[in-house]
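Both complexes below contain chain A, partnered by chain B and then by chain C.
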Partner chain A sequence: MSVPIRKFDAVIVGAGGAGLRAAIQLSEAGLRTAVLSKVFPTRSHTVAAQGGVAASLGNSEEDHWHWHMYDTVKGSDWLGDQDAIEFMCRKANEVVVELEHYGMPFDRLDNGKIYQRPFGGHMSNFGEKPVRRSCAAADRTGHAMLHAMYQRNVKANTQFFIEWMALDLIRDDAGDVVGVTAMEMESGEVYVFHAKAVLFATGGAGRIYYSSTNAFINTGDGVGMAARAGIPLEDMEFWQFHPTGVAGAGVLITEGVRGEGGILRNADGERFMERYAPNAKDLASRDVVSRAMVTEINEGRGCGPNKDHVMLDITHLDPATIMKRLPGIREIGIQFAGVDAIKEPLPVVPTCHYQMGGIPTNYHGEVVMPKNGNPSEPVPGFYAAGECACASVHGANRLGTNSLLDLLVFGKSSGESMVEYIKAQPAAHKPLPANAADYSLSRLNRLDTQTGGTAVGATRLAMQRTMQAHCGVFRFKNMLDEGVSKITEIEQQVASTEIKDKSKVFNTARLEALELDNLIEVAKATIVSANARTESRGAHVRDDAIDSPEFPDGRDDANWLKHTLWYREGNKLDYKPVNMTPLTVDTIALKKRAY
Partner chain B sequence: MTARTVEFSIYRYDPDRDEKPYMQSISLELDGTERKLLDALVKLKDVDDTLSFRRSCREGVCGSDAMNINGKNGLACLTDMDSIATPIVLRPLPGLPVVRDLIVDMTQFFKQYHSIKPYLINPEHPPERERLQSPEDREELNGLYECILCACCSTACPSFWWNPDKFVGPAGLLAAYRFIADTRDQATSERLDNLEDPYRLFRCHTIMNCVDVCPKGLNPTRAIGKIKDMMVRRAV
Partner chain C sequence: MDSANDYQVSPGRLLWHCRRGLLELDLILQRFIEHHLESLTTEQRAELFELLHYDDITLLAIVSGREQCEETRLKGMVDLLRAA
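Showing the complex of A and B:
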């Protein structure tokens, strides 16, 4: 079957922070660039980021990129690649200053410089004491950033395809990426976007879990498309549970609340983090705080009638500070917890927040996979950045404010790499494979004709509940085993989802079915990778990992200091080494993590 | 959390299937966990997957789920279920072409937003580090930069209904003032020129529907008033 073909130099899928930052690079270089997004760009989930973006500007006190790098390596529990981490931390000042130049309304210090606040895991002098490194626009940093970058793209005349859903990646016989298929949501028409280079900037897939801070749209579309196209997924067992989601609602409460002085308390009113992290206390890294909270709840010191959450207390802060620095949080408290944070503490619980793993890339934003003995051979024409990608800078646990930094740094570097690559290509595009759209069309055709199938909503819910119960903050061998078989069963149901809505026009039922195709790949990759990794590291903590001086907190560097690679075909795993060699400085040597 | 049945009356139109739009009465069993209208809509969609609406963040920052709720524009995700009057009457945002059900074509809305050049204009070569801005100057942007482009305001404005192609509308004008008010922007007079027109700015008759509906508590009318003041001041 033939479908219309549109030809561009570059196609970017996703118009959140990473996609928009890359688009600026490509558009300003004068390349014909199409940016596809299933939502209007400012509705992308970057908009919900609150607390800030990390950069060692040192506006309030001494800071250094090398300290930031140390914190990030330590935060990653040494699973992050040290070349990529050095690259990101060294680039931070540059990309944050650029944002300011684009017009981002950062808060300001009295001297007119960008306001910075403390954040979990960010310390001065190689782990000594908390440092003010998070550059913030009140508690709406992501909103301010996303709008500023969209506005810069308006200025650069970037060509957007808004409310277009990418369906599948197109690779030629050599495995090179030559485009994507996509559907215009308003008409239901499928097109081929033929390109010299494709960037996936499709965000995370936090909706594989039942309780998530993530938006409905965070369905891992790029990750699913990559997996279906034979690209392995890296470190998918590592999911961040943010300590402070509103209990029951899941809505995010920024760590910036604790940066501004907020305290976590259990049912006894005790500041329990003092016991778990005597030095950093409430500003320990997120995996540490989330585990502490769940431990408090499991040991009966949770709050509320069901003792199922703890309290985040800012009632001791000056109301003026709250209104100035955390106005959005106060609104969220009133809207989603029925609590005015100025007067009463907020009920919070660890909530799925961020996907540390993803499509494997190097720090140039090139997608890499094992080939001919090289564990990280670039896939020609394919790039990924932001939450969907795994560079890997976050390793086993991401530090707060490093996600906005990640999408800026790697959005920019992937854009630069694409400009360079496209300019070195011959004028003519590599040919499309025959029937490039057939696979996508067959998926749509199945949905159009499926009868006696399963409902999308119920199937998705079954997946989310399984992931929540079997692959959460604490992981248990028997639960993981059981989870793998449950997800395998649910996968069968996903293959036969049925929708009643057959309309061509803005068919959101079809969209949700297609999103579920992507989610299930992420769920499989996650639980299979988690089941195989028999140690505890960062956000992945198992009951059967041995905790001893040789294996601090259950971390087994001798066997598990390596990245997982999950392949969809055959549901099989492979591993590749962690890059312990930074670009210019000495290796940050392995040691036990303590905050 | 008590169970109850809630009645809805929802605007339905699928151009692929329906000759013309109609209001559909639906009742839904709620179990009490549906805090917001969006939660109920998601439940309704589980029952009837043809019901079409936009939604994303479900916390009032992305601006996707704007609709007309019991006659007033608002975000479904910020509308409390326990205080809403029933039957709940849901219509698409007024004044824009309907694509399907509660989904409107926002082209005209964004065209007006783009028309005010919604980006910082400063031809000077940027400094090595951040441009400096005092906290007081930065505070001028509060109440302006928080706009989520949901279009509740512009589609509540009769002037925008009558002249969506000529009147910038409250959202676009709020954005225009956001850049005028920014000490880093150097295009104030160009921006005022761009609005010096019987329609683009001056169709605002300060009836303040925009203020009344803004789910973020912003005040486009005040911003428009400030632009008008600047126009007057530069004329004398």
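Showing the complex of A and C:
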């Protein structure tokens, strides 16, 4: 069956920060560039980023990219590639100044320079003392970035396809990427986008978890498409969690609540942190608090009918203090938990926030995979940037404010690489394979003709609950084993989802089924990779890999200083070395990560 | 940008426009749609659609009551959303 074909030099899937930044590079180079997005670009999840973007501008005090690099390597628990990390930290000032020139309204100092605020983990002189490195636009940095870059793209004649969902990557017989299939939501029609180069900038997949800070659109579409096209996924076991999200909603409750005297309690009403951290109690570090909460839940002392959360109690505080010091907390409780925090405790649970792994790339934004003995051979015509990609600069855990930096630096570098690649290609596009759209059409046909199948919402919920319980912030061997079996069963259900509404126009049931096809790939990659990695490192913490003199904090560098690669076919795992050689400076040598 | 006057707002389109960049808005709008979509008049659907054109930061401030909507004719829909 033939489908309409649209031809461009470059196609970008995703119009958040990384996609918009790459598109500027391509359109300003005079290339015909299409950007596909499920939602209007300024409604991308980048809008939720508040903290700022890291750059060692040194506007308030002395700072240096090398110190930023050290903090990033340490934050990554040495799993980040040191060439990519040096590249990112050295490029930070350039991309922030460019953004300012695009019209980004950064906060300013009296002397007119960009104001910089302190942020956790940002240190001067190789971990010595805190430094002000984060550049922000009040509490709406991501929002301002999206607007500045969208306007710049409009000026550069980038062609936006808004409310289009990409379905599958198109590779030719040689494995080169020559386009994507996509569905126009308004008509339900499938098109082929034929391109000389394709960039995935589709963001994270935090919706694989039951409790997630991610917006509903974060369904890992690019990661799922890459996996279906035979591209391995890198380091998917590493997810950043926040200890206190509203149970069942995911909205974050600031750590300031515990700072003001908030107490965590289990189903017995016990202040359980006294057992885990007798001194710091509820003010212990994020990971200690998260692990204690999960242990309470796993040992049957969780609250609620499913015993799946604990309580954050501020009812003993003076209401006037709550209203003065924690003004937003009451509103959050009422709006998202149906609870007035002045009178009743708030249900909370460790909540997924950020995906460190993704589609493997180098620091040029080229997607790479093992081939002919080279662990990182570029896939011609394929690029990825932002949260969906793994460059790898975040390694096992991301440093705060490096997410916006990641999407600016690698959005730009992937755009530059694409310009170079496209200009070196012959004038004519590489031919599309015969029946380029058949795979996507067969998936849609399966969905339209399925009978006696499973419901999308219930299947998604089963996956989310399984991932939360079996592969959350604190991991146990038996739970992971069981979780792998459960996710494998749920995968079968995803393969037979059924939608009642078969209409074409804006059929949200169909869209959600297609999103679930992507989510399940991410869930499988995550839990299979996590089950195999028998150490603790960064955000991946296992009960059976604990602190010992031989393995500080459970980290096992002799066996596990390597990147995981998960292949969809056969759930196969492979590994590749971590790049410990920076571009110009000495290796930042392994040591215990202590703050 | 498309506007509510260009065409009848289909329920599917309205539902999709409730997909936002901020989780808080996803949650508020989903809850509203689940309980109220069926009972909204054609005019109310058009009003909701128009309100959904606001950027996420502004829309969250409006539905949370921290900001007033500058379009006074949308006040009725804003009130419905705040009460949801």
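Note that in this section the second predicted complex is superposed on the first by the 488 of 595 C-alpha atoms of A that agree within 3 Å, B and C clash if a C-alpha of one lies under 4 Å from a C-alpha of the other, contacts with A are read in each partner's own complex, and residues count from 1 in each chain.
Just so we're on the same page, contacts are C-beta pairs under 8 Å (C-beta built on N, C-alpha and C of every residue); 3 or more make two chains touch, one makes a residue touch a chain.
Just so you know, these numbers come straight off a predicted model, no measurement behind them.
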Margin query: A:Q151 in the overlay: touching chain B, chain C, both, or neither? Say first, second, both or neither.
Written below: first
Item checked: Touching partner for A:V289 - first (chain B), second (chain C), both, neither -> neither
Margin query: Output check: A:A277 vs chain B and chain C. Expected answer is one of first, second, both, neither. What do you get?
Written below: neither
Next item on the list: Return first, second, both or neither, reflecting whether A:A84 touches chain B, chain C, both chains, or no partner chain.
Entry: neither
Note to self: With both complexes overlaid on chain A, does A:A136 touch chain B (first), chain C (second), both or neither?
What the structure shows: neither
Note to self: Per the contact definition in the header, classify A:G457: touching chain B only (first), chain C only (second), both, or neither.
What the structure shows: first
Note to self: Quick check on the superposed pair: does A:H45 touch chain B, chain C, both, or neither? Answer first, second, both or neither.
What the structure shows: both
Margin query: Contact-wise, after the overlay, does A:F216 reach chain B, chain C, both or neither (first, second, both, neither)?
Written below: both
Note to self: With both structures fitted on chain A, tell me whether chain B or chain C touches more of chain A's residues.
What the structure shows: B
Notebook entry, point to check: So which positions on chain A get touched by both chain B and chain C?
Noted result: 39-40, 42-45, 47-48, 140, 143, 147, 186, 215-217, 249, 251, 331, 335-336, 503, 505-508
Notebook entry, point to check: Given the complex with chain A, which residues does chain B contribute to the contact?
Noted result: 14-17, 35, 45-46, 48-50, 52-64, 78, 99-100, 103, 105-106, 110, 114, 117-120, 126, 128-135, 137-138, 141, 145-146, 148-149, 179, 182, 184-185
Notebook entry, point to check: In the complex of these two chains, what residues of chain A are touching chain C?
Noted result: 38-40, 42-48, 140, 143, 147, 163, 185-186, 212-217, 249-251, 331, 335-336, 503, 505-508, 511
Next item on the list: Going by the contact rule at the top, pick out the chain A residues touching chain B in the complex.
Entry: 39-40, 42-45, 47-48, 57, 96-97, 100-103, 105-114, 137, 140, 143-144, 147, 151-152, 154-155, 186, 215-217, 249, 251-252, 328, 331-332, 335-336, 455-458, 499-501, 503-509, 512
Check: Where on chain C is chain A touching in the complex?
Finding: 1, 10, 12-13, 15-16, 19-24, 26-28, 30, 55-57, 64
